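Both complexes below contain chain A, partnered by chain B and then by chain C.
On to the complex of A and B.
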């Protein structure tokens, strides 16, 4: 959808969002139509936000970097210059034309391995983040909407979870439960749940006593309907922000876990595993096997955070 | 103040108890048969049974639970499955070593990042401010082990500016130890700089726009005096909270840094415990870090209450 075809009055600035002027005149006719109006209004506000986000250079840079890694992850050894798992006699070659990132201790091409390694992190991190947000939204919604003793108890538990050192608990859980991708995803998403729940709870608390919720209750809608059909769309802003931020943290956590040995095992070209393999020979002056996968991790984490930061500043301003 | 203290202390104890419960669930309830999980599917039945008896994991869950809660208050975390020694004797010396590294990192980070935050806040939305904010965002989002690996591969190996191993030989002087710890500490400084700088920047900007700052300026106080005696007092509260929260994260991130620089602290102790599946050591370390986190956030809240009387009054009402 191109925004040039949309000659809205709010072309140049974000100061007047559509929802702001819709509040002013409320003739009876408009009130009757308010259901339909609200929907298109929300639509318009979303499109406006999306345009503001895309205009930020940080967002574009972040998206570009993520896109590059997505292509590497999707195509894997179909686009790598060499097979990422092929052994060679020429081990520890420093970077040169044939091997721009050098070769590792088995003579494998570091560039190809860095490209192929994008897949591991791209599989695990977003899934863990999405699951964590889904659980967190559910728990936070219950805490904020139902409130009372349920909220009291869950708040305490959330607070205790927030006191847990995420990485250490993840290590502990992976040690006792086993070192599979499923366990990593489950543990990381479980550790993200409380943080998301706290954010969603706060957002729901601000909505709970507004008129549209009261009128939905008076209409006799079920709690589930009110929570997920009425309130959820109105707290989508903080949820989207939380999701982008969580993806960044998930990449961070998953990469660190695999560096510490709780993740895909070598020969897998996973970035964290590569760094951990590479630094064993670093004292012999072989820096490139550690350096390039480390840069890959850094670039992806920074890119995701640039996106998250742009989304956050636009959505929180509106 | 006494009431505030009491309330804050009791909430810390409840949280600590929940924390121990969560760790207990992960270690003893979720795996089902702990011995089987640790020894793997091919271990002999007798070995698994002996393992469970040694660890006490064949006892009823409730009895195990009471033991683990009692251990929390006596700081006795049982004995290591691997070496047979007391977990306490393994993790406390390791904690001391990690503490040295962490302390050095904090001593460098805190003044630099608060100064950078104030610097950026005074030049809000100018180029130098954007640089501080974005560099902070970028560096604080990179995992510590990556920063450590980059410092190691570039500065220590490629340009030969630092030491590859951070472990000082026995009898090294304090200065010598500091020099060896500098490179790993820098990795942590880079990781924690961003959060603290951004937080103090936000606090100072908020303070600069406030009425009390305007009044103080109109009273004729100098810029520096307004900043020191009026703004910082208020602006640093969120920064102190962030720093105290960082203490918990720090002991997560330090594992990677210690592994990269071969430093034998709490992190590498935990890693060898992971390899040996030495659950009591791991459990003890996690609980210990949780306790440190609780104490540091508690201290931070008290410090904030001392700096800002409104906090005390709000909760006693």
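On to the complex of A and C.
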């Protein structure tokens, strides 16, 4: 349920929205309800959101896939059929009952390695995304709220960042700084910061000139208070959407980086590294060592995006 | 149970018969219109009035079958020129809307495509009717002339945003008239326009109605407009017409308790806050879709008794002419409410000479810089505000009212040389530079409470933060103060835990006022605080403001476009035009005249609800751009009394023409008195 009176302060005489009456059923707020009724309506609205999102097959499928990978990541070699690092099996066995995903060039079970590989992605991608969003919100808030020359300078930097090829910069940074997990997280989050900042800036610009901000200034609130206590809760919608979308991108970026060698090194069962190891022998008909980790990456990226889409459409509708 | 309407159905241009409309919300049909019947003869103007949510717009949309997707007509008929709109097929409906009926909406900017030139849009409305391109172009020019646009070729070649609001609305009306409609529906057509422009548009509608002989259905919340334009009026409440009759009779002698309440909640006939509190209608409009009691108004009616709760009130004819009816059991007791005294007059401190000034502005100007051009939005304003005094500020949009408010408060910083003084000491131009006490002394109530309240915060948090920040009180003491504030503003404790969006417009505005009063301010600046509210809610808010002032001796700067409201609340009034104070004086001085010619025009543009005859002064043209003000007196290009050779040469100073009454005019007060004697 949105507000009844859409902010329309641009004209002195604006009294009501054009078709206030016609739109009324969707906007019952004009009528004063009893407090109890209102509270229950509010809970109902929240429950309604949950119900709406759970009714979306996309959300349920996405959540299921993510849950499967989370279990794999959490339990690791406690649930894998074989030791993911064990070399003893014959090499390049095609998929069969004992090894459903086959074995790789070192004779390791691909299924076990794919399951264990979830851990690397699950450690790095969400952390990188969260950090990127935290930085992005901070920068975007400053750009949108403070504005002026600060906005000008930061906007140019953001544009410059956006113009650079992400992977090249990331590779360069990782080769320079070393490929520890921390560096990968730092680099990926730094690359996400400008994108998030731009989204947040736009949302803040729409809030900045609303009268509640003026009112806060009139009672002498600091800029920090206005930005993070007054404005932030009102732009949480786009930020949540941005976060879910960024996690999807982070999975992909992290996998790509490790494919290119800037990630966990062999014999780690990282998905990107597995694809990278396996794809040289594809031409020899040994497709499974590449295919299954690639599917794993794709499934996680798609699952996260399915969730992100559902969250976005439910948040936008409410 | 359809009321006996005197216009016969066959002759009516629009005849709505027992119309019931429901909106489907979450799968449940919720009744919005509950048996609406009325008819309009060709050439007649019919007004629908009522609070928002009463179903007047739904009635208008239903008569064009323009209901939103979830709306449906349950029963009843809508006949336009004899054709039943309710059972037309898609293509019939399309033809009907193209050639039989037209609608004009509140916001002309939204009624036009912003990226297509006005000419092409207008021509299209004629080619739609089957004209050739060349004919349509001619027709379009003709149509613009018809709505009294002088320079039509130039207007055709413009984009909508390049036209002023009044001009846009004329173009929209021209489009609406393209098909020579039998029915013209006007939904709040002047709500977004300035009073002087509104008066022009209403004049135009009045003339066009005679020229075209179209039936006009007018939806308006402003009863004065309806009175000045319409022949008959229907008063709607909760999806029913509760009273109908000729405008003059209904407004002068209302015969339904709701109509009585509506009319009494307006500040009228020069009533002032010192004389009388405004009447309010207690309670709220019933929720749409709820089962209504027998009489729709019973829960809020001062006359309600057991009869009203058990028996549906009949349609009672009023008078002998047979063209008026009301739905009330207690016609004989209507006069009881009319004569019952309104609340006790409030003892309010009248501005007297010995009240010290709390606020003083001297030579305050504000110049905005847009790219390299300077736009003077405020020019050399001098003002004093006494303790407990209310200063009303009026003027058209763009006159600098809001800039003046923002500059006082330090939201905008005044240009160098201007001084804002509080209690005798000069304060910093920007809020941030002012001391805590100075910030506390001056607070603001905004026009739109939706934008003024943080929607992520609860009411309690909003008030608590202001209390602690402004007064420095903390903990339990602050909580107590929040609860006291809320009680003062007639908010109940349970409202404190709600978010703003869960409150009605009136309650939201109360929260905003409570916030402004959190630190016992000396001065509260109110920027159109009631213009987004219904009249009965407005009355409650105005009463509250007057009460708070009486208790706390707060001074108000009250910005409004509504002359009636300003007259009720203000002790003194400043009239602004193009960033300058053109006239300032006691409320009686301003309303009794003699006035500055601009004030004169503003006052005469107000459509009177009381049917007072005034000679209308019309202003030509639009407010000039402040970036490029006219020479001499800035008002001279639009001034009907301008003296050639004088007014465009030098700007008159603001001179005190009588005690406490100053104006900026080359014409002497005595001459103005003679010139304005007619009204």
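In this section, the second predicted complex is superposed on the first by the 266 of 318 C-alpha atoms of A that agree within 3 Å, B and C clash if a C-alpha of one lies under 4 Å from a C-alpha of the other, contacts with A are read in each partner's own complex, and residues count from 1 in each chain.
Going forward, a residue touches a chain if its C-beta (ideal position, glycine included) is under 8 Å from a C-beta of that chain, and two chains touch if they have at least 3 such contacts.
All figures in this text were calculated on a predicted structure; none of them were measured in a lab.
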By the touch definition at the top of the document, which applies to A:279: first (chain B), second (chain C), both, or neither? first
Touching partner for A:234 - first (chain B), second (chain C), both, neither: second
With the two structures laid over each other on chain A, which partner does A:256 touch: chain B (first), chain C (second), both, or neither? first
A:152 contacts which: chain B (first), chain C (second), both, neither? neither
Touch test for A:217: chain B only (first), chain C only (second), both, or neither? second
Touching residues of chain C toward chain A in the complex: what are they? 23-25, 30, 32, 52-58, 61, 67-68, 70-71, 105-107, 110, 165, 187-188, 191-194, 198, 221, 284-289, 396-397, 401, 409-411, 431-432, 434, 436, 439-440, 442-444, 446-448, 450-457, 465-466, 469-470, 492, 494-495, 497-499, 501-505, 507, 515, 518-519, 528, 531-532, 561
Residue ranges of chain B in contact with chain A within the complex: 14-16, 18-19, 21-23, 26-27, 30-31, 34, 37-38, 134, 137-138, 141-147, 149-150, 152-154, 156-158, 164-165, 248-249, 251-253, 255-256, 259-260, 270-271, 273-275, 277, 279, 282-283, 285-286, 289-290, 293-294, 297
Counting only contacts in the complex, chain A reaches chain C at residues 1-9, 11-16, 18-26, 28-33, 35, 38-39, 41-42, 210-212, 214-215, 217-221, 230, 233-234, 236
Report the residues of chain A in contact with chain B in the complex, numbered from low to high. 58, 156-157, 159-161, 163-169, 171-178, 248, 252, 255-256, 259-262, 272, 275-276, 278-279, 282-283, 285-288, 290-291, 294-295, 297-298, 301-302, 304-306, 309
